[in-house]
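Quick one: structure below, then a few questions.
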Amino acid sequence: MIKVGIVGGTGYTGVELLRLLALHPEVELVAITSRGEAGAAVAGMFPSLRGYVKLDFSDPKDAPLGDCDVVFFATPNGIAMQQAEALLASGVRVIDLAADFRIKDIAVWEKWYGMSHASPDLVAEAVYGLPEVNREKIRSARLIANPGCYPTATQLGFLPLIENGCVDTTSLIADAKSGVSGAGRKAEVHSLFSEAADNFKAYGVPGHRHLPEIRQGLSLAAGREVGLTFVPHLTPMIRGIHATLYARITREADFQAMFEERYANEPFVDVLPPKSHPETRSVRAANTCRIAIHRPQGGDTLVVLSVIDNLVKGAAGQAVQNMNIMFGFDECAGLSLVPVLP
Amino acid sequence: MIKVGIVGGTGYTGVELLRLLALHPEVELVAITSRGEAGAAVAGMFPSLRGYVKLDFSDPKDAPLGDCDVVFFATPNGIAMQQAEALLASGVRVIDLAADFRIKDIAVWEKWYGMSHASPDLVAEAVYGLPEVNREKIRSARLIANPGCYPTATQLGFLPLIENGCVDTTSLIADAKSGVSGAGRKAEVHSLFSEAADNFKAYGVPGHRHLPEIRQGLSLAAGREVGLTFVPHLTPMIRGIHATLYARITREADFQAMFEERYANEPFVDVLPPKSHPETRSVRAANTCRIAIHRPQGGDTLVVLSVIDNLVKGAAGQAVQNMNIMFGFDECAGLSLVPVLP
Amino acid sequence: MIKVGIVGGTGYTGVELLRLLALHPEVELVAITSRGEAGAAVAGMFPSLRGYVKLDFSDPKDAPLGDCDVVFFATPNGIAMQQAEALLASGVRVIDLAADFRIKDIAVWEKWYGMSHASPDLVAEAVYGLPEVNREKIRSARLIANPGCYPTATQLGFLPLIENGCVDTTSLIADAKSGVSGAGRKAEVHSLFSEAADNFKAYGVPGHRHLPEIRQGLSLAAGREVGLTFVPHLTPMIRGIHATLYARITREADFQAMFEERYANEPFVDVLPPKSHPETRSVRAANTCRIAIHRPQGGDTLVVLSVIDNLVKGAAGQAVQNMNIMFGFDECAGLSLVPVLP
Amino acid sequence: MIKVGIVGGTGYTGVELLRLLALHPEVELVAITSRGEAGAAVAGMFPSLRGYVKLDFSDPKDAPLGDCDVVFFATPNGIAMQQAEALLASGVRVIDLAADFRIKDIAVWEKWYGMSHASPDLVAEAVYGLPEVNREKIRSARLIANPGCYPTATQLGFLPLIENGCVDTTSLIADAKSGVSGAGRKAEVHSLFSEAADNFKAYGVPGHRHLPEIRQGLSLAAGREVGLTFVPHLTPMIRGIHATLYARITREADFQAMFEERYANEPFVDVLPPKSHPETRSVRAANTCRIAIHRPQGGDTLVVLSVIDNLVKGAAGQAVQNMNIMFGFDECAGLSLVPVLP
């Protein structure tokens, strides 16, 4: 059993971490912090946790985070970069679910996130927590930058093609659709039920913060800077991301077989049979990414369909997967979740 | 490990049984039947089960149901009553998720279900599988009539008041709201997304099949025939039942304490603190019933709010709970499910 | 053509008023105020109005409201009571869509709304704008208190029974369900898509502000104080209210005929044939209230089902109906709206 | 006033035609046919039409369609091609909302629609009813092939770029998302609420029937065969299509100005200001197409966002627009509809 703390437990990634960790066989939850809710029962705010989480929220300054083996940051961007250093110095490992340590180029990060970085040195050390790419580095990492939701779905869909040099990497297109929980539990007009229900829209087309993160990952795989058009959309569902990816073929191959081989040993990536159309609900509440590959009308454009639950494989589930790898647990511990359908 | 079979695995209660049984530590799934889908992979129809359920659907006549320790019927009404007898004779225990064995008065059953009953003798033997009422009888039962969804939410909400003789049982009102999955996975116009979404309606007000079932249960508790007005409604969500129950007080008591005591040892009934408003999502995908008690404006009318997931505590989860009791397993085995929120 | 102003045009009742008034044949829109959005194009905030509304939001202190024939207040509670007097003194008629003038008993209003009333004299003068009750008074009114959404659906459903003295008025029950737009366009966590979608809950069971308003209207009809239990619920749809009303019969009558006669000349109340179940979508975006009457199982409890669109007959549409009556227009002018289905 | 008939009034395009035609100032509805519902009141099936449509459904063989000035076919594919000829011979003009006359190449049509064509000669005569392209031909047409929903949104978004020769037409990409009403009012499992809600998926990626229709329209504009990858998706909303279109720039231009000029005189195409993100709800229940143009990160890929209501500009509204043009009415008659938001 390891001791686990969570900084910022009042958002959707926080409550999802709690859902997963509450039943994790190797985990003892010791602290969940919230400045605003300190002293209140966690299960009072989230009645779904009644009977499973007995802790109260603790004030960040009182919480015994230094005694933990690992601390998750489920905070807004800009918090973990201020607190990670002290925890690491105390021997606590850190998994940041926000974006603070995801982008290696500090100037790029500062431009897209609109603040100056408090811990540039830690950015260099941090391991980007996409197990399907960095499993070995994750094992020994002290600090994990847990990937974003769009970046997870998009990279897993594009990687086999790029690693094998089969597509034109100068003009990749990622048309991605997210459920509304991706916007978090902040009180904002555009996330209201009456604004987001029975409605569909693109947003952030001029530029979205996940663009540089995806571009970094794909460029690493390509060995050169890729060109990517990334268009996120908001769809009226709670959970789920569906990435529809377009790439022009430059080298013929058996693409179905290529994906199956690439992910043959991955416990959380499921390549569907040919002609499949993965649904977001087929991964609802589970840590799985399901992928299908199409070549419509036998043309020169490949279409990859990639779905995840944005709160699980796109956030809290992947964070637990990273924790499992870091501590030598079964990678699936606490993550054997049958998707909830319907 | 016991051997388990499912008759009729293509509906929502079927796939929900599979979700729960796939991870149950004491269960080996040996057969799932479907006349129409025989030979097809179960996980082909329900990709959410990929990696968890390897079975193909088998033809009912070929399936090794006689070798099972228990068989669940997740079939339309009228099937189990024809097949249960043979299975019981082979020593197989049976849990029927449909309505065939729920109503003790055969004439009443035949009137509401519009068919003549094929096994009236078994109706007499069958145990109504509401563990909070019949736990001891369930232990030794060969045949369980698993309660309906509305009846589960409604009875659990009314029972403490009726058992304690505190309310006027001649004019109970149950105003219940169900998610659309309650209508099953049948292709019918009124269950289409474009019919049921962004819409709310009552249905079956002149008379709904769950009325006699609820009346039977409450009358047993009251020791006399109760008067009940039951109005079901369809609400645009997938899962969940919310029963709003009204009763006139005839004897004063500490109703909050009464409910807390009644359910103190029940693992799947959670009485909320005073002034609470349980949400259906607080039990989504879990086997819990949450209940709150109100006395608005200090008047003589009590309002009880009772929520369940219609597919879990209202169907498949309760069936697994009954199985656990029948076979002496931990009653919570396979049912430690943190509700999925958001 | 009359000159019309709107105070507070950025909420849902504001944009709905604009939708209706933009095409009203007798109306010229001259001002829409918003402190926060002054100077911005109305159609910039609500692109649905592009091509129909050319006005900019104006600052309340600059807006030519004194030149209007009528001013609508689509503001939070507590605003109209401060500004109505000056407008009335200038000869401008006022329709308040908020609650400031709905409750005749000032002490009751102050208790439920938590503020002291700024214009008690105007409360005495104000006419409660339910045309099916007060049409004649509305014709000559200077100041209209436009009814709340729950009160409209509930009163229209109960009134024929109470006016005819057919039911026990000491224990009426109104179980009402509202779409989320009823909570307004305020940024609040509980109205977020990810909180309200795929979820159902009661709220305000101990006491909701619409309770005294409904009680006042029904008591006037009864000629005595009525007893009412009112339980509002939130259902995951944008628009619509469904009130399920329960009353015990004290005098037999042909209730279907009673309702049909009561509303025979009402352009916006539609009594459905026996055994009907009105759907909220059957009135979506229209000013109609549809009602059905049931007597389940021939018992002594009547069940009345009453549906409206909370933003139309429950707010902006009824306000326009009141305006039509006040200015001697065809009562249906601008309100011939075929409901949008699906 | 013209006499109007509708063949097939029980689907969503049928009821939407009725919603629009019921208030059309130049239209007298004389017949609505349905084989299955003959004799039943139209407003009995669709209570939203109570008070607006008094007709009963008539049997197709008895309906006075030959006396009509125009007949709309709101039928499945393959019906209009069998009945149009006789109507045209009687001097009745015909608008087919299905696909029978949309594809000029009979072999292509027969391949995609899986039947042999009954009236190839009429295909040659039929005018493709996209007013923004064929307004003059529509004026004098006897037979209109009303465009599909995806083709309307996609063509209006791509046309300015293609007509002006600014983009590479060999690799156009249309990633389109539709509400569920696009699947019609047929009882099919995949359109059930519990299947389609809280879910997102692509479908028909190998090939969708709207692909050849879009390709035909764009190829005509380009003067050469275009290459198009078309991926439709199902999104959990009732109405609305959002097409996200990708094209590589081959010739620089002021694209915003280009779109504004192209549609300057179009009453139903609204080009939004730069940096806009049109929402489907901004056209809900209205005949408008709203378009925004983006060039993300200043790259060489243009992104065009185009939204319509699939049942209005994508079906019934466009059909009425065509009727208005054919009969010399104001093109907006009956179509001055403010979108319903929220």
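So that you can tell them apart, the chains are marked A, B, C and D in the order they are listed, and the count of residues begins at 1 in each.
Keep this in mind: a residue touches a chain if its C-beta (ideal position, glycine included) is under 8 Å from a C-beta of that chain, and two chains touch if they have at least 3 such contacts.
All of these numbers come straight from a predicted model, not from anything done at the bench.
Engineer: What chains do chain A and chain D have as common neighbours?
Structural biologist: Both-contact set = B, C.
Engineer: If every chain is reduced to the average of its C-alpha atoms, which one ends up farthest from chain A?
Structural biologist: Between chain A and every other chain, the largest centroid distance is to C.
Engineer: Between chain B and chain C, what is the gap in Å from one C-alpha centre to the other?
Structural biologist: Here chain B and chain C have centroids separated by 39 Å.
Engineer: Mind checking the centre-to-centre distance between chain A and chain B? Centres are C-alpha means, answer in whole Å.
Structural biologist: Whole-Å distance between the two chain centres: 36.
Engineer: Measuring from the mean C-alpha position of chain A to the mean C-alpha position of chain C, what distance in angstrom results?
Structural biologist: 45
Engineer: Multi-chain contacts only, two chains or more: what residues does chain D have there?
Structural biologist: Where chain D meets two or more other chains at a single residue, that happens at 12, 179, 181, 185, 194-195, 197-198, 236-239, 278-279, 281, 284, 342.
Engineer: Considering the complex alone, what residue numbers of chain D touch chain B?
Structural biologist: 12, 179-181, 183, 185, 187-189, 191-198, 236-238
Engineer: What residues on chain D touch chain A, complex-wise?
Structural biologist: Per the touch definition, chain D meets chain A at residues 171, 173, 175, 177, 179, 194-195, 197-203, 205-207, 211, 227, 229-231, 233, 235-240, 242, 244, 246, 248, 275, 277-281, 284, 294, 296-297, 299-301, 303, 305, 307, 342.
Engineer: In the complex formed with chain B, which residues of chain A make contact?
Structural biologist: Of all residues in chain A, those touching chain B are 12, 15, 18-19, 22-23, 46-52, 181, 185, 197-198, 238-239, 270, 272, 276, 278-279, 281-286, 288, 290, 311, 336, 338-342.
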